[in-house]
Structure formats: structure tokens, C-alpha cells
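Look at the two complexes coming up: subunit A is in both, with subunit B in one and subunit C in the other.
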Partner chain A sequence: MAWTKKVLRVNLTAGTCTTEPLNQQWAQDYLGQRGLATKYLCSEIDPKVDPLAEGNKLIFVTGPLTGTMAATGGRYSVVTKGPLTGAIACSNSGGYFGAELKFAGWDMVIFEGRSAKPVYLLIIDGKAELLDASHLWGKTTWHTEETIKKAHQDPQIRVASIGRAGESGVMYAAIVNDLHRAAGRSGVGAVMGSKNLKAVAVRGTLTDAYQVANPEAFFTAVDAGKAVLAANGVTGVGLPTYGTQVLMNIINELGALPSYNHREAQFEGANAIGGEAMHEKRPTDGKPNLVKNGACFGCTIACGRISRMDPNHFSVKDKPQYHGASGGVEYEAAWALGAANGVSDLEALTYANFLCNEDGYDPISFGATVGAAMELYDLGILTEAEVGLKLTWGSAEALVKLAEWTAVGEGFGKIIGLGSKRLCAKYGRPELSMTVKGQEFPAYDGRGLQGMGLEYATSNRGACHVRGYMVSPEVLGIPVKMEPQATEGKPAMLKAFQDLTAVVDSAGICLFTTFAWGLQDIQPQIQAACEGDWSEERLLLVGERIWNLEREFNLGAGLSKKDDTLPPRLLTEAIKTGPQKGAVCHLDKMLPEYYEVRGWSAEGVPTAATRTRLSL
Partner chain B sequence: MKITLKLFASLSIRLPAEARSSHCLQLDLDPGTTVLDVIHLMGLQSGECAIVLVDGVWVATGDRAAKVLEEGQALAIWPPVAGG
Partner chain C sequence: MQKSLHIDPNKCTGCLQCEMACSWENHRSFTIAKSRIKVFSFHEAARFVPYTCTQCDEAWCMMACPTEAIKLDPVTGAKIVLDPTCVGCKVCTIACPFGTINYVASSGKVQKCDLCGGAPACAKACPTGAITFVDADWTGLEKMRQWADKTDTNPATV
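Let's look at the complex of A and B:
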């Protein structure tokens, strides 16, 4: 079957690795990956636990389609309680690590406790052991991956690790696998660091660890799915050619590109840092930033950006280690490192992004926090003496230096590493933090796109675009076009997106398939892979169950209706210029209806009837 | 009547070489020119034009023939693309 039906439990306090069977009933109720690990986490920890304390757990988890022939079937997630938000954290990554974990015979790895000294977990098929990582502590993710592969004389080992940001407690530290893919958001890397767990290294060679339930039907469904992706203009041509970065000019033209810490909704430098600019030859060396596109395991879209910097750029002039090709900026990173703080130097953004990958921290939260710091500096609340440099809007030099400091916890980088919410609170201006539940916004203005505003306010992991991507209907016309400023119909549409996304995130495939695939394309693949009856109706019920379970965890953690809101800037300060001029987010119109369509009380609590319907 | 035409992503190639980097081309059009007229003028197929904005406002496929452009407006067009 598509599950290996095996769970590896690693007690870091005791230094033990034990095998246990996967809870089959939970697999039927929650499918896999995001849903299944959330069920395990909710069943095993107190939601009020300090995220960085020994009592928190950290789960690496795959889905039933991970490591299969399904297009994009290489995803895994890391689920824990997040330190940035105090809410459920689920960060999803591609690359090759997830498939390798399945090849080794494991659906998930549950880490509990805390090691007395730095360790890494080595998994070679059915054998797992904790090894000393003292020599890796203080090193980057890139160094860690290379060192582990050399030590075990196997270049096929896949490594997911933390860099120095995760060790030093950057609240939005990431876990990086395959050099530049990341479980990026909510600070899952900080939890890993708090456990003295440096890396998970895995090599899988088993051919019988799992098998799809109905191979013939599975091949047919997978082939049909790949044909749909290939024929679609977005997934067949647009994403491989321009990547997610093509959005930069679209969102800017639409007037919903938050800039200067959301003071503005358009950025004059957008064209210089967008997807098209990455293709253009630089005047300095005659070469483009973009070298090629890249794909994760099993992916037939290949949206990834592989970039090479101008070796004479000020940030890397004497640093040849950054002159090779590596992971380039995707849209969210380019926005946060660029428009959010007014920087229009694509090379500086690329360098900062390299550092985010190298030392494992989220470029969205980092860049947005720099934007907040720049506003504090602009207002005279932060000074050059306190920061250690001139923190003026648009300063590429300041961005680069803060990226270097944050990576290693030096100087003002320690403060930037706390995130925007804690930064702004520290300096007495909490309202300037562009966050929800403590997590920084991604690259869409919740005033310009009303549905995205509602998505940010209700996302279970704090401000997030990939829990219910309302940009699809509000900007791209997928599956239908909705007017960005309309509020009517948005709560129901958002619920549908959130529930479907929970299914995709629990299956082992990439959310980007849904630019071309509907549930009718995904369902036959799950049905053929997994034992049991997986109708579209049942899958949507699973998605809704996952969403409500996450909500219940958050309620148990102490979050409530008061946290389903937006910063006052988005609720009361109208966009000043551009196509969305005059807009604020009408959350008051949408949130009560959202609670209603969710089957929640007016206080945002799932009703008894909803809990019964979802078998919670 | 002057308008600004902006062609992005793979449509940029339809612009004169000197305009491709900025993606912008100034056009002098007769009054009454529609969005669909400009699409045809540039040799674009309707199916290539997935996202069409006039001053940042979406123009649906079925509305392009009737959408008359006005002096000073910006018409921006993308092929099928997405991100996230």
C-alpha cells in the first residue's frame, strides 16, 4: 500500500530509536503528511507547551503519494508547535528528501525530548541511529550536507538540516534539504535546534517498503494527470519558464504589492527584481541571473530557479563560495527581501536568499522584519548607533549586512531574528508589525485582495498564502475570476480552498499542481494508490477535518477569535495610490460569514454538530 | 490618443527590442480603439492573453471587444502564468 505503515520514534533525551506501526485508522481519517502528523502531534503533546521546551515534538512526515510516480510526488512536511506563532506549525518542502525517507521504509519520524549534546539521525533503510554532531554544530546547512555525505561515502544520502540560525534560536529558522529546498515557515528549524538535533540524513534502497494499491489504475491516473499538467499553459510553460517570480509585475500592476512595510501597495522597483529581469543579461557582466529552472523529485513542472550571481557584485566580490549556481529567488522571497523594504538590487536579493538557504532561515519573515525595522528607523525610533548601520529604505547594503548578522546571531541580527512582532513590541510600536498570529505576511496586500486578507486572518499557522491561495480566483482567474475588492462569496470560496489545500498537503504532492489540476484529477491518483474508498466527497471531508483539528490545537494553545485579525494598518489605513486606492480590508464583513460556513460559533469555536460531523 | 501597452513574460518578444526590458510601449491610437483591437494589432492570439488589465483592472475575455481604451490608460497583458 502507499503507506509504509512504519513510524520511527526517536527519543532524543534517551538516545533511542524505536519502530512502531502506523495508526491505520488515523491514516484513513487524515490521509498522510500534514493531516496525519497533526493528528499524532495533537494526541501526544499539550498544546500549551513551550515550543522550544523538551515537551514539544517535531515530526517529519511523508504522504501516500510521496515517492511514487505521481507528478510532484516528492513532498514532505515538518509538523510541530511553532515558536514564531505559538500555533500549529506545518512547513512543506520539496527536493528529494521526502521520497528518500519513503524509500527507506518510513512514513514519519517523530522526535521527542532533547539531546544533551548535538546529534544527527542517520537512517539507512530500516536501520536508524543517532550520531554525534559536535563537529557539525556551528556549521551551515551546506557544510553539514557535504560533510555527512563524505563521512558515509554516499553522495545519494539526502540531508535535511539546520544552519546556524536554527542553532541560535532565530524564531523563523528553517530546515533545509537538498541545499536549497526548505521547510521554511513558522520556525520549525528553531524547534529542531532547541532539541540539539542538527540533521536528519537518509538513504533508502528498499523496493518493497510500500506499493500502490492498484498499480494499473495508478499508472493510468498518473499519466492522465501528467498530460493535464503538460497541456496547461501555467504548469506546462509559464511556471517552468518564469517560475513564481512572474507574479512580481502582475501583483504590482494590480496595485496589491505591499511595499515599504505595507505603507505602499506598488513598488517602483518591481520590474528590476521580477521573473523577467532574472532572464535579462546584466549590464555588468553580460550574463543573466537565471541559469536554468530546476525540479524536485518526480516533478514535471520544474518551477525552481537556479541562479548565478555577478561575481563583481559588492556582496560577493571577495567570496568565491557564492560565485557558483545555487537556489535563486522565488516570488515570495524576492518580494520580502526587495519590495517589502524598498530594495531593487536583484543581485543583493539573490545573495540574501543564498544566505537564507545556507544558514536556514525564512526569507519571507526575515525580509518583512527588515522592512519593519526600516520603518522604525525612518520614524527615528531606531538609530544608526543602535543598529550598527544606516537602515534607510532601499539600502541593499543594509539588507546584505543584516542577512549576514542574522545568519549567525551577531549584533542587531539577534533582534531581527526575533521576527517583526517581537521587534516592533520591543520598540513600543506593535502596530507596525505586519503579522498575523506573529507570522509575517507574504507578498499580497490584504487590502487589495479581500480574500487574501481573510485568508491571512484565519490561517492556522499565522499569515500565510499557501493555506488558501485566494490569489488564484482574485488575480489569475483560476478556477473562476472573482473581483479583488468584492467580499461576497469569499468566505465560502476560501473554505473550499483551505480544505482542498489540506488534502493536497496530506497527499505528498505539490500545491502548484492545482493551477491545472482539480480534485477530479487528484482523486483517481489517491484512490488507486491507497486502500479504501477515497471519493471526492470523502477527501474534502478529510481536508475539513484537518483544518478543524488544527483549529482545535490552536484553541487549546490559547489562541482565540481575537487572533483572527489583521494589523490596524490593513483595517483602517486605506491604500494611498494605484488601482486599489482607498481600499482597506473588510474583515468585519467576511469573518462572521466565514465562521458560519465553517460550522463554528460566533466566537470561532467548532460547534458540537461540526465536531460530530467531522468525527473529531 | 496615447496609451501605454505593457507585454510581460513570453509576450515581451512581441515588443521592439528596445522596449523589452521595460516591457512598455507607447502607442498612438485612434479614439474608440478597443482592447481586442490592440491584441490583434500586436499579432497576439486571444488564447495567449490570459491576464489582461487596464489600469490594474481585469478585463474578461468576453469584454475585450467592447472595452474601449481611453487617453493615458495602461493596458498590461500576460500569457498563462501563476506563482505562489
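Let's look at the complex of A and C:
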């Protein structure tokens, strides 16, 4: 069986670690990772709980393909109720941590309660214990990882930890593993901090913790899948060469690259911060920003950016600790740290990104919040005296300072750490917050791409691009080309993408495989790894079940149809220039149809028939 | 013709498919802790380096073994640990200058790369060509080719 069938329950209040068998019926109904942990969370907490209170739970979870030779089979997710949104939060990460958890014999770890003092969890195969983390509190994720490995004299331990952002309650704090991979969005790191849990460290050496059901069929399916990834233009060439940053110029030229807090839909500095720019030699030192591409565990795509900064750049001139190579900007980070606030200095973006990794906070939400603050400053609502610096559009100096302050909760960084929604509300201009359900938009304009607008409005974790990536049909023509401004057919296509994505996330593989893989490539891998019949139809039903369960959690948390919307700027302020000029998001045309194809009432509630069909 | 594992660290992305393949081949498990090849990440230098036994001709592990549990496979050139003979004394792990032979506590024996009998699973699994299995006498061929490509014998064509 591809599951270890073991769950580790850690009660932080009592300081206990207990083992329980995995609910195998739930594994059959929800597959693993995102789906399975959602089922556990929904069954164990009151959806109305304060996300930062003791009653919330935090689940680290793997999938059946995690820790196997399936390409990209190294993913894990962190599932909890998110403080940024008040909705369900599920943040997915790569690196090596997830597979290690599986090697140690665990499908998931459920944290409950709150520790009286800072602790970290150490898992060595079947043994788990909570250890004092007082000496790590106030330290970065990089320091934490290094210190734990040294303390236990084992460089092969993998660590997922929070930095100072998670400790100080930055609402979009992340959990960082393997130095620069992150369960990045929705503030899962803030929940971890609220529990006084600094880190999870794991080493797995077991050979009998789990097994693929049919090895021969598994390798046939896995090898075929790898061949498809290698032969595909996006996964075989584009992503390894440019990373997700391959998109910067494409989306900009399409006129769907939001900039200046969504005032504009193109960015004049896009070329300077995109994937191609990372390859170019800097005039200052003759070296490119990008040093190498790197892979997560088991990944044959290797889209990861590894960058080295210009040591003479103002942000790091006297800070040799940032002169070595580390995680470079991916597309979403480059957009948020750059286009969203008008900054076109790639080195400044890279430095801010290093800080996001080092102290654990989401560069998308951070950059977008800086963009909102810059608009407030531009309008004269925020002043230099209040902020402590000149917050002018495009100021790399301001971006760098705010990144440093936000990391440690200092000065105006404390306000930036609240996120765009709370920032704009605080200064009386809630409509300027480019968020849905409290979470900041990623790097695609919901007016320029109608399907993405609908995706943002309906995503269960707030504005998000990795719940139903309509960029695939609207820009890349995968699986079919849909015109960006068309609304017809978008709700049904979005539903299909959302359900498929839930399957991918629950299997333990990376969503980026779907640039090349369809369900027909994924299904044989799941089928061979897991016992039982996992037909394509059943998998899509699982995906739909997961989506609806997340929806029900959110409804229970008090969210409703009124939250399935977009900021007024996207609904009423037309794009001013470029190929999508004149566009607003026609959410009113698409949302009712979306509810209908989902089998929900006009109020966005799953009907009794839908609940029955999905065995909810 | 004998073949050798040939490693080009510049091509390695750190995906660890090689470690899983090795573990599967020898332990029927994907647990990379059991792999005989290890990929080292030199983070600040942005380098990933796969490393395993190079099958020394005068193999110090083989010479140090008091029970003659390490034998030469004349076909592949690999030095192979004979499990029934190995007593787990670990002297070979001290003798090896490179650290590529290691004790396995769960079996009480040592393990090292045996070239999978002539079809190394790591090379097959590597998606980037960082690990290849090539003519043992010509591991430098690709590097030579690259340099050859840079020579210019006819300046007139430049």
C-alpha cells in the first residue's frame, strides 16, 4: 500500500505524541494529502474557531505518491484554518521534507493545542518527541535548520520551520523547508507560531513503511509519465530554462500582468525582472542573477531558480551572508515583489525573496500588500512620517526596508504584516485591497483573463492561481484554447480544473506536471501505487468531493456567496491600455453558471442531491 | 569493453531519482537512506554532486577485508560485497579513502555500489544525463568533444 497507514498525533498542550491508524475509508474517499487532511480537519475542529486559538489544528500531510519514483513525488501539504482568510488553508510544498516524513513511516502529523513554551518536534522513524526550542525562538528558518542538524549530528535530517514572521504573527507567514521551499500561502506559518511550534525535523530510514501495490505497472506508468514531461515544450524546456518566470513576458504582452496594485495591466519593467533577465549578465559584475536550476525531490522538471546576488547591490553590500547562492525569484514572487508595486530592480526582488525564505513569509501577499500601501501613499493617505520612509511607486529602497521590517515585525512592517485587506481597512479604503476572502491576488489580472477572475472569486482558500489554473486554457491552450475575454464555457472548464487540481494535490505530486500531463497520464501511476480501482471517473469524483468538503468548511466558518466576489476595481474599472483594454471581469455572467455546474444552489450551497452524489 | 559510471555534477539538479533507483534495486524500497549513491548539495555554491564508488583497480576495501568478502566482478570491474561472507567488521569502511562503502545496521553487512551487475539503475533513472554509464577508457570523451568544438583551425571561417 502506498500509504504508511500511520498518523502521528501531537498534543502540544499536553506535550504528548501518540500513534493512531490512518482512517482507511477516508483514504479511499479522499486519496491523501490535501483531501485526506481536509477530511480530518473538518471532522475535528469547529469551522468557527479562531485560526490562531488553541482550538485550531495544524496538519502536515503526504500523499500516496509522495516518496516514490513518480516524477515530482515529493510534495506535502499543510492544512489548517487560515488566519489571513478565515477559510480553509492548504499550502503545498516541495523540497525534500515530505518524502522524508513518509520514509519515517508517517502519512500525516496532526498538531493540536498549544505549547506553553517554544518546542520543536523531532521524528526519527517511529520515534517522535517534543524538544525545547527556546534557543531557536527569534531565529530564522535558515539558522533553525542548521542548528537542529548540528545538534543531532545528522546532516540528513530534513526540517520545516517558521522564521520570525511566523513567531510575530505575520498573517501570511509561511512554513519553510529545505531552506527555500515553502508551504507559502494563507498564513499557515502564523498558525504554527501561535502554537509555539518552531520546527518539525524528520529523518526516515525505514524500508517497509509503505510499498507501491504493483511495482511492474508502477514503473511502466512512471517511466511513461517522465517521457511525456521530457518531451513537452513547457515541462521539458521552458520550466527548466526559465522556471515559472517563463511567464513574465508572455503575460505582460498579453496585457494581463497586473501592476501598481492593479491600476495597470502591463508593466514597463517586466522585461527587467523576467526569466530572460535572470540569464543576462549584469553590467555591474558581469555575472547573471541565475546560477542554476534545481529540482525538488523526485522532480524531473527542475524549475527551481537558484540565484546569486550582485554583492555590490545596495541591499547586501555589507551583508556577506546573502552573497552565496540561494532560492531565486519564481514568477509569482517576481511579479508581487516587482510589478505589483512598480519595482524593476531584479536584485532588490531577489534580496526580498531571500528574506521571505529566511524568515518565512509569503512573497505574493507581502509584495501585493506593499503595492496597496504604495497606492495609499500615492493618494496621500499614508505619509512618510507614518511609514518611516518614502513609499513611492517603484522604490526598490522602500521594498527592501519593508521586507526587513516585516520579517521581524518592526515599525511599519508590523502593519504590512497584516496583509492588504487589513491594511486598507485600517486606512479607510477597503476597496483598494486587491484580495479575495482576504488573500492577495497572484500574478494574473482577473479582468484580462476572465476565467482567472472566476477562479479567484471561487477559490476555497481565497485569491489563488493554483486551485484551478485557467491560464492553461486561456493563455497556453491546454487542453484547448479559450479566448481570454470569452465567458462561455469558462465555469465548466474551471470546475474541471479545480477538481483535477484537487486530485493532483492529494496524490502527492506537483501541479506543474499538468502542463504536460492529463488525467490519463496520472491515473495509471495512482492506480499502480494504490490498491483498489482508481479509475479516472473515480478520481474526478474524489476531486469534486474534496472541493465540496472545503466549500462546506468555509460555509461553516461563516463565508457565503457574498465572499465569492472580486474587488470593485476588477468589476468596474476597465483595463486602461494594452491588448485587454476596456476589460472588466464579467463575474455576474459566470458565477451563477458556476454554481449550477457545481450542483450548488443559487446561494452557493451544495444541494442535497450533490451532497448525496458525492457521499458527503 | 568495460564501462564506468560517469558523473557530470553540472547537469545534476538534486532530484534524487538516482538515490531512489539505487534503493529500489537493492532494497525494494524508495528510502534514500539505503542508497549507495548520494547527491550532495553545496547550497551556497549552487552545486549538486552525485557521489559513489569509483571501483578502484587496487581497491583498498577489498585488500583490507579480513574475510575476503569483497570480490572483483571480472566482467563489470565492480568490487562486490558477498553478503554471506561479510561479518560486518567495518574495516573496509576505514580503509576506503572516499567513504563510499558503508555499514547497514539493519543487515549487519556493509554495502557499496556494485554497478547493478552491469546496468546501473542510477544512470537509467537520471533525467538530466548527470550520471551516465560509458566506456571505462573514455570517461573524458565528452569533455574532449566540448573542448574540441572550441578549437579553430581555419581562422578564415570566423
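As a working rule, the second predicted complex is superposed on the first by the 616 of 616 C-alpha atoms of A that agree within 3 Å, B and C clash if a C-alpha of one lies under 4 Å from a C-alpha of the other, contacts with A are read in each partner's own complex, and residues count from 1 in each chain.
Simple rule for what comes next: a contact is a pair of C-beta atoms (placed from the backbone, for glycine too) under 8 Å apart; a residue touches a chain by one contact, two chains touch by 3 or more.
Worth saying up front: this structure is predicted, and the values here are computed from it rather than measured.
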item	value
Joint occupancy of subunit A by subunit B and subunit C, clash or fit	fit
Partner chain(s) touched by A:L254 [first = subunit B, second = subunit C, both, neither]	first
First (subunit B), second (subunit C), both or neither touched by A:A302	second
Partner chain(s) touched by A:G233 [first = subunit B, second = subunit C, both, neither]	first
Included angle at subunit A between vectors to subunit C and subunit B, based on C-alpha centres and rounded to the nearest 10 degrees	80
First, second, both or neither for A:K292, with subunit B first and subunit C second	second
Partner chain(s) touched by A:A486 [first = subunit B, second = subunit C, both, neither]	neither
Lowest C-alpha to C-alpha distance for subunit C against subunit B (Å)	16
Contact footprint of subunit C on subunit A as seen in their complex	67-69, 71, 96, 99, 103, 156, 179, 203-209, 211, 215, 226, 230, 240, 291-300, 302, 304, 306, 308, 324-326
Subunit A residues touching subunit B - in the complex, by the definition given at the top	232-234, 237-239, 241-247, 249-250, 253-255, 271, 275-276, 280, 330-332, 465-466, 469, 471-472, 475-478, 481, 483, 511-512, 515, 578-580
Residue ranges of subunit B touching subunit A (in the complex, touch as defined)	6, 8-10, 12, 21-23, 50-51, 53, 55-58, 60, 74, 76, 78-84
Interface residues, subunit C side, partner subunit A - complex	13-17, 20-21, 23-24, 27-34, 43-48, 106, 125, 127-128
